[in-house]
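Structure, as structure tokens:
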Amino acid sequence: MPHVQITWVEGRSPEQKRTIAERVTQVLIEDGRAKRENVHVAFLDVPATSYAEAGRLVADQKRSP
Amino acid sequence: MPHVQITWVEGRSPEQKRTIAERVTQVLIEDGRAKRENVHVAFLDVPATSYAEAGRLVADQKRSP
Amino acid sequence: MPHVQITWVEGRSPEQKRTIAERVTQVLIEDGRAKRENVHVAFLDVPATSYAEAGRLVADQKRSP
Amino acid sequence: MPHVQITWVEGRSPEQKRTIAERVTQVLIEDGRAKRENVHVAFLDVPATSYAEAGRLVADQKRSP
Amino acid sequence: MPHVQITWVEGRSPEQKRTIAERVTQVLIEDGRAKRENVHVAFLDVPATSYAEAGRLVADQKRSP
Amino acid sequence: MPHVQITWVEGRSPEQKRTIAERVTQVLIEDGRAKRENVHVAFLDVPATSYAEAGRLVADQKRSP
């Protein structure tokens, strides 16, 4: 532990995930007393038709002017 | 908040998700004191070989008469 | 399935959860082709010091004027 | 209940998931007082670029000698 | 990985969790090509007023004859 | 989005969570194209008898010399 689950709309590159995983792990080591080898980070990529904010799909938000 | 995660077997259309996200958000506003802009709903679609009920994959249930 | 996980700050009553669970289940039956007996809803209540929006704990938001 | 969510890097076959779902369900019945029909197991398969251990993507671990 | 999250109604003892964690880990090693040191299991215990099946709280199910 | 769920053994202070939430949000803005107001972070604190690594409860690991 800790286990980190990040759910968001797909579209981030492996490079972005690589950087985010490393930085989030570092934050948990520095401020959360975590041991590096026990930190797990999983990214759950969902299509823009599978995430809604304020009751509205992200896919539909994009169509807004 | 709240954050809602709905895990199910793939196959629902964007139209169904659009309706469900809006209705679930409305329920949380009316009965859960949530503010609309803070309600997030994520759908996690998994194949029928990735969800089991009663120890049996949904993919296998479909083969039942 | 589906499995619904609702994460929010604690403070809702059993009555509110009862109503929300019933209504969300009904939505999934009507608009998501779910069978009633297979719908599960879990509420994860966390303290206001365990949920952040926009980088700020809900506990700290409450102190805002 | 219980609801079991297993997040891992993709690559397991339906046969493996079938066996794991059945065995995990059996464990929860025998040692967790669960009723078979209420046990749900969901597998969340993510690409090797979406799971990090110790701050390092699994995709990058594979490149290690 | 894998990361296993088990959500259920509170009431299981540490002894039960100890056994279940060990057995589930063993299943994932034997049938899921997991390495022991990378398997994480988290139990999310919720009160009987925070889990609903078929639209009905477990707390209310208990009152059934 | 994104929604971040951090599951770990209880024991971190509100101050630690405040710092981690702010820093993780910052990472997602800088490297994940997230908008600040849409980033949610939830901490799921579980007792040391509810988290296992390598098949062993954290509560039991502490007893190791």
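Chains here go by letter, A, B, C, D, E and F, matching the order in which they are written, and residues are numbered from 1 within each.
Following the convention adopted for this analysis, contacts are C-beta pairs under 8 Å (C-beta built on N, C-alpha and C of every residue); 3 or more make two chains touch, one makes a residue touch a chain.
In this text, all values refer to a predicted model and were calculated from it rather than measured experimentally.
When the interfaces E-F and D-E are ranked by how many C-beta pairs touch across them, D-E comes first.
The geometric centre of subunit A is 19 Å away from that of subunit B, both derived from CA atoms.
The mean-CA centres of subunit C and subunit D are about 24 angstrom from one another, to the nearest whole unit.
Within subunit E, the positions touching two or more other chains are listed as 1, 3, 5, 7, 38, 40, 42, 44, 51, 53. Two chains count as a pair here when they touch; such pairs are A-B, A-D, A-E, A-F, B-C, B-D, B-F, C-D, C-E, C-F, D-E, E-F. Of all the residues in subunit B, the ones that touch subunit A in their complex are 5, 14, 17-18, 21-22, 25-26, 36-45. Remark: subunit E residues 1, 3, 5, 40, 42 touch subunit A in the complex. The residues of subunit C lying in touch with subunit B in their complex are 1-9, 11-12, 16, 19-20, 23-24, 27-28, 31-34, 38, 51, 53, 58.
Listing the residues of subunit A that touch subunit B in their complex gives 7, 44, 46, 49-57, 59-60.
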